[in-house]
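Each of the next two complexes has subunit A plus one more chain, namely subunit B in the first and subunit C in the second.
Now for the complex of A and B:
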């Protein structure tokens, strides 16, 4: 490659490098620095305080609750969204009339703007007017409306269901594309050998898309951990912090209470969690590549 | 194959498809139905799915001047972001797929990783930077932030397309004496059309619904985008669901329409990268 071409390549990527460097990597360092300073509504000038904000937050029971909520939220949304997404992909992969229509229909919830989905589900869960209560009452499962989003015991489960509804289409479409790459000859061979549908699924189909499943699980984990809009619009992290996860807590502390330092501490912890997940992601990715080359 | 078992299998599949369609469509139907119910008519308890006296009143009320402002803001910010992101991503993806410079490959990998970064964790420093540059409450701050968050995915999607283009075309162009810019604009960009469409739709969907940056950077009604604006409606006018649902339908319409027109290219572009890894 000539000297000139080398320069051209750098010129082509320069805008992307500058923007991402200035607005992604630099602020990440900024968050770490911010977490060492104290600012508040009354004292807007940042004052160095070392790790004081870390001690304060680690001693605060709300921190434990946010960690626990984030864990529950992420694990359940990811698990349900991927299991449901895979089942839907298997269904859409079958030959039958009307399948084309279903494949385009299925992405609808994902295309719907997050805030709209949140408002819609807030309304679905409304104690008096919502469809969820009406449905459960008419089925005889409950005899009066429940305020799903206002009870600490039901709020988390309710927003998880809303997020799964919004998120499963993406997993379904990724899995559907992966299923179409599965070697049909192997499936036929297993059929001739007398393997039933379940055996074929577990012995041929799922191993064939193993890498896609692993990568999609990690990607949805990262996206779910970072979720903000649905929770913020549906519950604001409440009631009594029952649905507060890292992103909502950062926003609440930073922009709700102007405690930037404390918000940044939560930011640093979530960067650490994400860094770990991203490392696992690249581990899985490179393992998949090696296997791909070997076979 | 045994016809009877084939038939019962088809019936079972059909039943499952109907269940799936209901799970997807009932909330949508409910949104549209409530948006068409007259505002004065008290909501029936238990809720009824079908509107009895459908009317467009909610739409007329919801289409108030603020809504029109929010809509225009969203259009300006989203379209600018789509154009800038796709242009910059095309350039970067092209250099990325054709170069052998190790440092550049590492740098671009670091760019692509940021699609997984938590926006909430870096929002405070970005907010302070925008404040320092006097950009808060402007289109520029939002467009800058949106271009930055959408670029990594856009580069990644376009890279998948460009990697499949044969090198021979560029070699032929080089022999004809075309420089890198001419080769890029006259040969590469036209060949990437399907990839550009898929990427543009993706960027549009992401930007149209972005909430966190818009909520943090905009402080006046004149600058709000639709997602933040409609969230404000909840508090301002009490929870008037008829109007809220009408607004929701109007917000969703543009992206849903774009998606249905271009979904074939979009889905192909979206899944190409995910499946190839």
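Now for the complex of A and C:
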């Protein structure tokens, strides 16, 4: 590239760089700086305190609980949402009457606004009026209503269910699209070779879409780790922090208790986790691209 | 040797109201190499897919040996198939690809490795067993597909246009290899192609199909020398047979451009046919017809002269040293021993007494 061309290149890239810088890096760096200052409602002039907020948070047992909750939440929501999504995709990929209608109906939970879905599920989990309790009682599995969202032992499981219900259509649609690119000749070759449906699934179909599976796992992991609306509306992160994960804890500390410095510390930790996930994401992406070139 | 005969009895396939295959009956003998030949959309691939079990026939019966296989899944029919794009498993090595049918059948690892090696030797892939299909050339992928087909010594081979993705030179080479391999193994083989040269060179018998119907079944020479109808006559041969519509009445050809002794007992709207290599150029007044040279093409071993006779173009294959020029007037002489007559309305061959 000549000197002149290099200048032109910078001019063309500049608007995008400015946007990304202003909208992403400025707040991110701002968060890191914020975490080094003590700011609160009664003390609105930021005061430098170094890593004091970090020490405070790391010593607080709630931090451990938030990390653990985030892990449980992310692992179960991602796993269930992907497995369920894949099963539904396999089902929708079959030739059957009413296929088009089924495909649109499956999308419904995903297109509902998160807050609406959360309120819907709060009703379902209601101890007196909820569908969940009346269903379980009529099946004879429990004999009196449980306050699913108010018990520390059931709250996390309950919101995981709601999030899986809300999120699985996304995975189903992604997997359905991938399944339709699987080479039918390979599937037929496996049929001729004597492989039954299960064998074909594991030997031909799943290997054929494994790059999509890897990328969808990572994408849903990032999205799930950042989840906020459903949890906030259903439990506020409670009871007793039983469902507090990073985003709800940041919101609670920052805008509930106006402890901006400590909220920023949580923010910095979640940036680190996400940065790691994104690095894995691009690693998988470029590996897939290399493989694509080889064949 | 384990061989299979295949019998189709009035087999049909409909897709809604579309008739893909209509009442095909065909018996294939043990060890025979039979080619299903026809233009695209003629139903030849569908016929093969029904034999394979990948599509279900809408009507009729398919037997392998004496067993009706209509309801048997493909894996239970003891057949192997080579696909047009080879259908290799891209994430498996060559060895795993070839060994897959054995793995599914539950053959133990040691035995599997031995058989895979033997099959790979046979298709000359010995050194490539650890490669993935993506690292192989088209010809090598083709060999992997063949290796996978022969590894479990099936009773029946099905091949769906297996050579159509290879370049011209490799195709000729693999064609010879395939023929040799099939003779060597003696396995009954059904081969689908739209390429008449493949059909002529490979087949013991050719089944010509068009519009979902069987047009003619016979040895390559039969089909070439005595085509059963206008379609077969016009489909085989390069260039195909010249076909000229004429009318015969009272034992005389009622056509001004053509002087020809009408065969006994042939009357009405007739299409007369003769292959380009059976025709000769002559002086304008010494032939059966005359016209203006439309174009000449040197093919190397011969020259193809196309002559415009009335509204029709007639191709004549002549000696490579023939010197005629475009626009020149020439005569064309038929070889009376190699004339074909077809009923113009039905298209079918008209029998006649050739001894006259």
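Operating definition for what follows: the second predicted complex is superposed on the first by the 276 of 295 C-alpha atoms of A that agree within 3 Å, B and C clash if a C-alpha of one lies under 4 Å from a C-alpha of the other, contacts with A are read in each partner's own complex, and residues count from 1 in each chain.
Assume a residue touches a chain if its C-beta (ideal position, glycine included) is under 8 Å from a C-beta of that chain, and two chains touch if they have at least 3 such contacts.
These numbers were taken from a predicted model, which means no experiment stands behind them.
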{"item": "Touched partner set for A:195, first subunit B, second subunit C, both or neither", "value": "second"}
{"item": "Which superposed partner A:207 touches (first subunit B, second subunit C, both, neither)", "value": "second"}
{"item": "First, second, both or neither for A:85, with subunit B first and subunit C second", "value": "neither"}
{"item": "First (subunit B), second (subunit C), both or neither touched by A:237", "value": "neither"}
{"item": "Touching partner for A:16 - first (subunit B), second (subunit C), both, neither", "value": "first"}
{"item": "Subunit B versus subunit C as contact partner of A:185, first or second or both or neither", "value": "second"}
{"item": "Touched partner set for A:167, first subunit B, second subunit C, both or neither", "value": "neither"}
{"item": "Subunit B versus subunit C, judged by how many residues of subunit A each one touches", "value": "B"}
{"item": "Residues of subunit C touching subunit A in the complex", "value": "52-54, 73-76, 79-81, 83-91, 100-101, 104-105, 132-135, 148"}
{"item": "Complex interface listing, subunit B residues touching subunit A", "value": "10, 13-14, 16-17, 20-21, 23-28, 30-31, 34, 43, 45-47, 49, 88-89, 91-92, 94-96, 98-101, 104, 107-108, 110-111, 113-114, 116-129, 144-145, 147-148, 151-152, 155, 180, 184, 205, 208-209, 211-212, 215-216, 226-228, 230-231, 234, 241, 244-245, 248, 251-252, 255-256, 259-260, 263, 267, 270-272, 274-275, 277"}
{"item": "Footprint of subunit B on subunit A - complex, ascending", "value": "1, 5-6, 8-10, 12-13, 15-17, 19-20, 23-28, 30-31, 33-34, 88, 91, 94, 96, 98, 102-109, 111-116, 119-121, 123-124, 126, 128-131, 133-134, 137-138, 165, 169, 173-174, 176-178, 181, 211-212, 215-216, 219, 222-223, 225-226, 228-229, 232-233, 246-247, 250-251, 254-255, 260, 263-264, 266-268, 270-271, 274, 277-278, 281, 285, 288-289"}
{"item": "Parts of subunit A lying in touch with subunit C, wherever the complex brings them together", "value": "183, 185-186, 188-196, 199, 203-204, 207-208, 210, 291, 294-295"}
